[in-house]
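Paired with chain B in one complex and with chain C in the other, chain A is shared by the two complexes that follow.
Now for the complex of A and B:
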């Protein structure tokens, strides 16, 4: 009897969400198979890679990143440089300077930065806040207004501030809302329900269900991704079919494996190599578990992950 | 295993409003009932046109097109004793949101509705009775087996045969209720899908009691593995019970707003 290859079929798909405008716009999601299961059905939109820059610059970063941006005078210069990386599909600007516990830059300044970045690049833009719920809400409203028509994604709306962010970003200015939960299945779904109930079309929502650096409670991250993916595909749960974006670099470059100096940890070898390994390992694991996009920092990590995606899809 | 499927029962020619609308082919009352049921969370809508001996084909075609055009190709259960009318309905049916359901076959006179469903790639509701109420589960399961074999012989997938244990009225047949639940368990153990006119159990009870009794019955039946039921989706307590049971069974992922979606 000839071998008949079993095909895992789902009557459901991850939403296809468009980011950016013009020639370089991209689509996140759209797949109706398990991650990288191209043998079950074609995956039209391979996972995407974003490069992360901060409006505080990368002065304190490892040589490979610092050297890459050498000569850049402004954040817009950095964005331009980042966008030129061949394997990069979109650029993420972190508005770290807005943090009230840090520089506490006024909203107007951040809007200017975002505008300058958006004008410097033609790839899609992701705006990341300063991780202060109140400030992010003020920030995103003004930035979304200034970037109307750019179809940018804003990370993120959380349980604490989703109302104003979803209303401004998703409804008033017609851009993409990132719904962030921290590795909590039920909250991930609930937030999508709440944002949908405000009137934002499910097709304009992207999820960030949270992550950790690999080795840091990471099994829980992976099982959350698995469960969300299985609810979306095998249970056809419309409230979990938003594509997932995972900011990897902000986690992996903050753990001791990446930050410990070679003087302190001579037996661990090159700090930069360790940092890249952490970034690549984490990114690959979340992609293999259903994330439709990852956000990275180091050019070598970006190249490595891009190669993996190309080889598999 | 999958999420419980509700088939809304309120487009039924036994209701005077619907009967009149069907007689005059007046869309409004039918659309209104369809909308109410879909809003309340019905997955399928049952369309019962009665025996419709004279104009069944025309009427069923009209009803199928009317509902599917107005409600995004809502999947339907075509419910009539008139076989030609069912075939006519399927001929204009859009499958984008799910196969049509033929309601229904039994192990007696209506067994050839299985052939009809098989020939039209439809789902069949297979009522486990021949003449009246089966005496016990031996009889029920013999009918189940007989209909299953008939369907398989015609090339049907077992998953397209939804077995109906025949829900019985509690007032009068109280001693038979656990048996019905056991039959559902046996269907589930065989990996078969099931459905049925669940609210029959509360027939004759005061109006305020019926949602309570129906909710208890659906919860117990879902525990036994019931995969679908023909219900009044506008019964909020019943729908909330079904959604809650789906959560407990891990068929839908919990979120605080689960009752609102």
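Now for the complex of A and C:
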């Protein structure tokens, strides 16, 4: 008997969401098959890779990242450098300085940073806040105003602050809203419903369903991705068809596997190699489970994940 | 194809004699269909019927046993495509490679580096379970390396499609029960003979999925059902397709010809590129690789991949909890300070590991937090100033421990004020965010 190939082609698809403007704009999502299952149907928009920079720089930076940005004087310089990497599809700026429990930089300063970064690059921009719900709400409103016409993505609107963020980013200034929930299908769906009810078109929403580093409760992340993806495709659930973006690097560069020094763990070898390994492993696993974009830091991780995506698509 | 309850009922004597422990033959049949009772529990079924039922109620994918030194591992036996549907059962095994092209220095370097990786993570031994010995034309060297691999006390995979050489190597290390990987459309008869005579698992490959399918059918016709399917390495794309299609055919289509575990040689897909091999190993750990072959196993690869594997293969139906209570570490007594955390097994293992590494005597207090991580428990209201205060009372901590320093996880620093009010007489201290920083923190704390 010849082999009968199983095929899973769905009548539903992940939304195709455009980011950025001009020649370098990209599309997230659009696929109607399981991640990388090109043998079921062609995947038009490959998963995308963003590079993460912070307006504070990163502490304890490994040589590979530090050297890469050597000579950069401003965050905008860093963004420009990052955007020049061939494998990078978008740049992601974290406005960490805004954190009221940290530097508490005024909103106006952060708006300036975001504007400078946006002017320095020709690739799409993703803005990450400082993880303080109130401050992020104030911040995104002003940044979205300043970046009108740039079609940037804002991470994130959460249950606690989606009202003001979705209204400003999604409605008033017509950009893309990132909906962040915590590793649970129902929570992800509920937030999409709430943001849609405000009037934001589903085509302007991207999800961050929550993440962790490989080894750290990561099975919940994988299963949530699997379940969301399967509800979107096999049950045609319109409130779960937003493409997913996963900030990987902020998790993977914080755990012991990446931060323990060589003096501390002599048998473990180079901390930089371990960090890359954690970043690559986590990124590939979320892409294989349905994320349409990942956010990374290390040039080697970016090159490696990009190469794998090219081989598979 | 799997039989339904009604089909099975038709094969029973329909006498309702109850000897199987069920009130009726129908009830028995329903349970067999669900897989909750063995067909052999009914003593009145003919050999013929038993054989028929065994075949149709067998799981979609075979469970095979593989030897690695003194340990035995299960391969295959999966019943779902996604872990949330039930659970994955047989964890991916990792191998590193010795090739007959390598000189002694190269062999030693790879062996030293890879064998050194051997540690425990959350109660599980983490190491490369297998050594993949690769034949490319130098038969003597291949046999020699096979012996070296077997002596290392790990499982061995002999990668060789030349029956004469394979047979020599097998004879040399038959006791180690290596996997013989190398059967294909042209040599399968001879290879199968070697494997069967020595009781070995046989690795099969094909130029494409159709050829592989055809060869597996022929091997099964010879009576060999101890097979591992090598997904090939013509390209990353075809290997991924093969891994997915084999698993999907077995589980979705109940196509038993592909109901076997798989082998993925990622070393051959990205020679010399460690980061790319890590990427591929991650991909195939998530998507259906039973055995993954790397060039070597470094700590960098292991920490990330074994952590991933441990997560993916935990059973979602079983919460990973530890018992609340006092855990004295580094010979702590009543005069040692306290660190408090949650009863999530992962958190407990990570934190206790770091505290042990600090060498500082400390009483680790595990509070009842529903088995959640620190922030999850905090967000769910299961780790709060009240829950900690209640734990201190319920477990009679104030009488059992004299030291009045209580160190909080940095991630719940917000609890400090309220907790300090609830626990007069205690000195509530905010610890670091990540457990890894506890080593330095505890040593400095002890010196104060």
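Definition applied: the second predicted complex is superposed on the first by the 307 of 313 C-alpha atoms of A that agree within 3 Å, B and C clash if a C-alpha of one lies under 4 Å from a C-alpha of the other, contacts with A are read in each partner's own complex, and residues count from 1 in each chain.
FYI, a residue touches a chain if its C-beta (ideal position, glycine included) is under 8 Å from a C-beta of that chain, and two chains touch if they have at least 3 such contacts.
Only a predicted model underlies this, so the values are computations on that prediction, with no experimental measurement involved.
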Of chain C and chain B, partner touching more chain A residues:
C
Looking at A:276, would you say it contacts chain B, chain C, both, or neither? Reply first, second, both or neither.
second
According to the stated criteria, A:67 is in contact with first (chain B), second (chain C), both, or neither; which is it?
neither
Which of chain B and chain C A:227 touches, first, second, both or neither:
both
Taking the superposition as given, does A:308 touch the first partner, chain B, the second, chain C, both, or neither?
second
Of all the chain A residues, which ones make contact with chain B and with chain C?
227
Please give the residue numbers of chain B that touch chain A in the complex, ascending.
2-3, 251-257, 260-261
Note: in the complex, chain A contacts chain C through residues 1-6, 8, 36-39, 182, 213-219, 222-223, 226-227, 230, 254-257, 259-260, 264, 267-270, 273-274, 276-278, 280-282, 284-285, 288-289, 300-301, 303-305, 307-308, 311-312
So, in the complex, the side of chain A touching chain B is made of residues 185-187, 189-190, 193-194, 197, 227, 231, 235-237, 239-240
Residues on chain C engaged by chain A in the complex (per definition of touch):
82-84, 116, 121, 209-210, 212-214, 217, 235-237, 240-241, 244-245, 248-249, 252-253, 255, 257-258, 273-276, 278-283, 285-287, 298-301, 303-308, 310-312, 314, 316, 346, 350, 354, 373, 376, 379, 434-436, 439
